[in-house]
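One chain, chain A, appears in both complexes that follow, with chain B as partner in the first and chain C in the second.
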Partner chain A sequence: MTITRINIGPVHPSTHGVIRLVVDLDGDTIVKVEPHVGFLHRGVEKLAETRMYMQIPPYTEKLDYVAPLAYDEAYVATVEAALGIEVKERAQYLRVIELELQRIASHLLGIGTLCNDIGQMFTTFMWAFKDRDMVLDLLQEATGSRMFHVNMRLGGLHSDVPPDFVDHTISLMDYMEKRIVHYEKYIEKNTTFKERMVGVGVLTKEKAIELGVAGPVLRASGINYDVRKNRPYYVYDKFHFNTKTLYDGDNFSRYKVRMLELKESVRIIKAVARAMPDGDALGMPIKLRSPNPVNRIAVVSRELPRGECLLYMVADPQKPYRLSIRSPNMINLAAISHMAKGARFADLFAILGSLDIVMGCIDR
Partner chain B sequence: MVKLKVDRDALLGTISKMKSEGWEFLVKITAVDYKDHVDVLYIIRDLAKSKDEILEVTLQPTDLWLPTIFNIHQSADWYERELSEMFGVEIKGRLVPRLFLEKWDGIDPPLRKSFVWDSTYRTSDDKQ
Partner chain C sequence: MEENDVGSKEFENAKQEMDRLVYESLKEKEIKPNAMFAKLSELTKAMSVTKGVVKWSRVNSLWPMQFGLACCAIELMDFGSARIDAERKGYLLFRGTPRQCDVMIIAGWVTKSMVPEIKRLYEQMSKPRYIIAFGECATCGGPWWESYNIVKGIDQVLPVDVYVAGCPPKPENLFEALIKLQKKIDGKIESR
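This part shows the complex of A and B:
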């Protein structure tokens, strides 16, 4: 057996960010993959120790720059848990709508780039980006910003939504329902797509638990764990939705879980938007002094588009003593060595694409 | 969430026993530097019951080492590397490549409170 070592990166377009993969090959078969990370390391956990509580969201948002609002909410929820602040009822509904809109935008980008990476299905990429843009427009309507919203405030939101926001949301979700069916038909009938996805990069249920993977990667391997369902927060437990679990653990299952989650997100948004109560949704304005913490330690778990993010915070008055972030992307990437072993070299990019990682979140 | 204090010597036994009782999912290994001691936290989950438990090991700054739990939970791999680089905790029992995220050489571990912000720090590449 002759081993050939190939160095991929430090840049590759199938990831959102910068990564280096050192691949050992026997002919065309992968023997070993060693990911090298840290190129986007900014020391956010250390920076958080030097900033006031509400000066930190702009940093945490940029961890996962494909789903910034989700990280924004996860961090603010941790601070709320430490300071003992209740979130207003209308704000809870609006947060759920915004988080699910963010999930749709993020999954569309993941599916679009995956299709582009594996078979030059550039059409899907363009469709996904067009639809994602419509979701971002809606988020802009709600938050005032297209990409980095910084919309969460302690106990609520920075601003309430405009009066016609609910109508716009429901009509966009009606449109999105049709589009998702369209995507499924187009993508899943494509022979190239299926050949490169079905049965490739398999992660069994036992191995998924052993490697501790998160989110759609975990659910594609047959483990029914979703923070929204297992430890409901806000108003998730008031509305019926399903956790989508598949059992093959291959690339196709990981893609399909995301596709099914899109449908569930549309369902959640419609139900929540119709049931949204009137009232005040505004949180505390940003000011340098926030209330003193009632809990020294706060642990908060959130289902981000890419998996479960767990934040562990030791709270001091006015600023965190320590903020620790469990990145779902990091643990999913660590599993690539196992998934790619024995696969063909060209399949490595399909596997990487199916993980849908964002390097900013891994490197922190 | 239950927090359980564990001695370093009893760590491996406790984690193995927990794994056989259904606590089979390692969520995260992290640490907090309280200046006079460092707490290392192992967050472990029972997926079936959807419950988390935190194991807390207290280490003295002069005696910072831990046995690896890689043989029990493979997901500990990158967390132990991060712990080693960011907190200077030596992981005994397996070869842990020292540099992971920062790739800085010969400085205090960055997430320890003794780390001082200073523009004079350079990466190993800069020194060459």
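This part shows the complex of A and C:
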């Protein structure tokens, strides 16, 4: 057995960012994959120690730049837990709508780029980005910004939504429902797609627990765990939705879980938008000094589009003493060495695409 | 548009000249390669770099590199997708290898560990090569100004032709930047 060592990256069109993979091959079969990370490291946690509380959201947003609003909310929720601030009721509903819209945008990008990586399916990429743009337009309507909406404030939001926002949301969700069915039909009838996805990159249930993977990767391996369901926050427990679990643990299940989650997100958004109460949704303006912390240590876990994120903060007056981030992407990436073992070399990027990693979150 | 018609007259003249050469060589029924090449070299002299066919083709076929660093790369992907449809202006030949590219779009923050890699990519590109600094981070360091691992702008390492402001800039801004780069290659904008 002769081992060939191939270096991929750090710049490669299919790597979803700047990552270096060192692959050991026996013929065409992968023996070992070694990911090298750190090319985007810029010290977010260190920078956070030198900023005041509400100066930090622009930094945490850029961790996961495919779903920035989700990290924005996770950080602000940590500060609220430390300072002991209650979130206004209308703001809770609006936050849930915005988070789920962000989840839709993120999963659409994930599915689009996955299909692009597999080859021959550039059409799906185009469609997914067209629909993602529509979701971003809706978020722009609500927050005023297209990509980095620093919209969360302590106890509420930066601004209330315009009056016709709910109607626009529901009409877009009606459209999205049709589109998701359309995607499923188109993607899952494609023979190339199925051959490269079904049975490739299997992660068993036991191994998934051992490696500690999170999010859609975990749920595709047969473990029914979702922070929105298991430790509900905001108004998630008031509405009925399912966490989708599949049991094969291969590439196709990971893609399918995302597709099913899109449907669930549409359901949640519709229900929450219809039940939204009137009232005040504005949070504290950032010019004011924030109140002194009531809890020295705050830990908050949130279900991001890519899995469970844990933020740990030691609070000082006006600024965090220490902010630590447990990123779901990092742990999902660590599983690639196990998943790709025994697969063909060409399947490596299908596996990497099905993990849907964001390098900004891994390198921090 | 006006800038797309640059050198089309010279191009037509060169084409007619080539046709005439081929016709003459066929008419004489014996090919004289030396004579032909002498005429060709005169022709290429006539099509000088600063004006004529070469410049016209440089202006109108910009091939960007498929190379994204961070957040702005998402907007770069959006630039190539359905809504903006960059293909209608001829920009959407995103190539995977630097050897086939004219434009490198630095989309994202530049860390100290990425500088040697970006330099290497730039050296692999064939001349003439252009760089667009897309976004605040590539322009000046952006929000990571105080970070210990960030190069404060790619222009500290490599020459930049067009800067685009914004965090992140919209995909339309990249369109504008590429039009500006075309004008710059054309000589309509003075470079500093």
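Methods note: the second predicted complex is superposed on the first by the 361 of 364 C-alpha atoms of A that agree within 3 Å, B and C clash if a C-alpha of one lies under 4 Å from a C-alpha of the other, contacts with A are read in each partner's own complex, and residues count from 1 in each chain.
Going forward, a residue touches a chain if its C-beta (ideal position, glycine included) is under 8 Å from a C-beta of that chain, and two chains touch if they have at least 3 such contacts.
It should be emphasised that the depicted structure is a prediction, and the values quoted were computed from it without experimental measurement.
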Evaluate whether chain B and chain C can sit on chain A together after superposition, giving fit or clash. fit
Applying the document's definition of touch, where does A:7 land relative to chain B and chain C: first, second, both, or neither? neither
Based on the superposed arrangement, let me know which partner A:125 touches: chain B (first), chain C (second), both, or neither? second
Touch test for A:65: chain B only (first), chain C only (second), both, or neither? second
Who does A:46 touch here: chain B (first), chain C (second), both, or neither? both
Using the superposition on chain A described above, determine whether A:360 touches chain B (first), chain C (second), both, or neither. second
Applying the touch criterion given at the start, work out whether A:147 contacts chain B, chain C, both or neither, answering first, second, both or neither. second
Touched partner set for A:192, first chain B, second chain C, both or neither: neither
Between chain B (first) and chain C (second), which does A:312 come into contact with in this model arrangement: first, second, both, or neither? first
May I ask you to decide whether A:38 touches chain B, chain C, both, or neither, giving the answer as first, second, both or neither? both
Minimal inter-chain CA distance - chain C and chain B, angstrom: 7
Once the complexes are superposed, what residues of chain A are shared between the chain B interface and the chain C interface? 38, 41, 43, 46, 50
Mind listing the chain A positions that touch chain B in their complex? 37-38, 41, 43, 45-46, 50, 209-212, 223, 225, 230-231, 299, 308, 310, 312, 314, 321-322, 324, 326, 330-331, 334, 363-364
Give the list of chain A residues in touch with chain C in this complex. 10-13, 17-18, 38-43, 46-47, 50, 58-59, 62, 65-66, 109, 113, 125-127, 129-130, 132-133, 146-148, 359-360
Where on chain C is chain A touching in the complex? 66-71, 73-75, 77-78, 81-83, 96, 108-109, 111, 113-114, 117, 121, 143-144, 146-150, 167-168, 170
Listed in rising order, the residues of chain B that touch chain A in the complex are 1, 24-28, 30-33, 41, 43, 47, 50, 52, 54, 73-75, 77-78, 100-103, 110-111, 115, 117
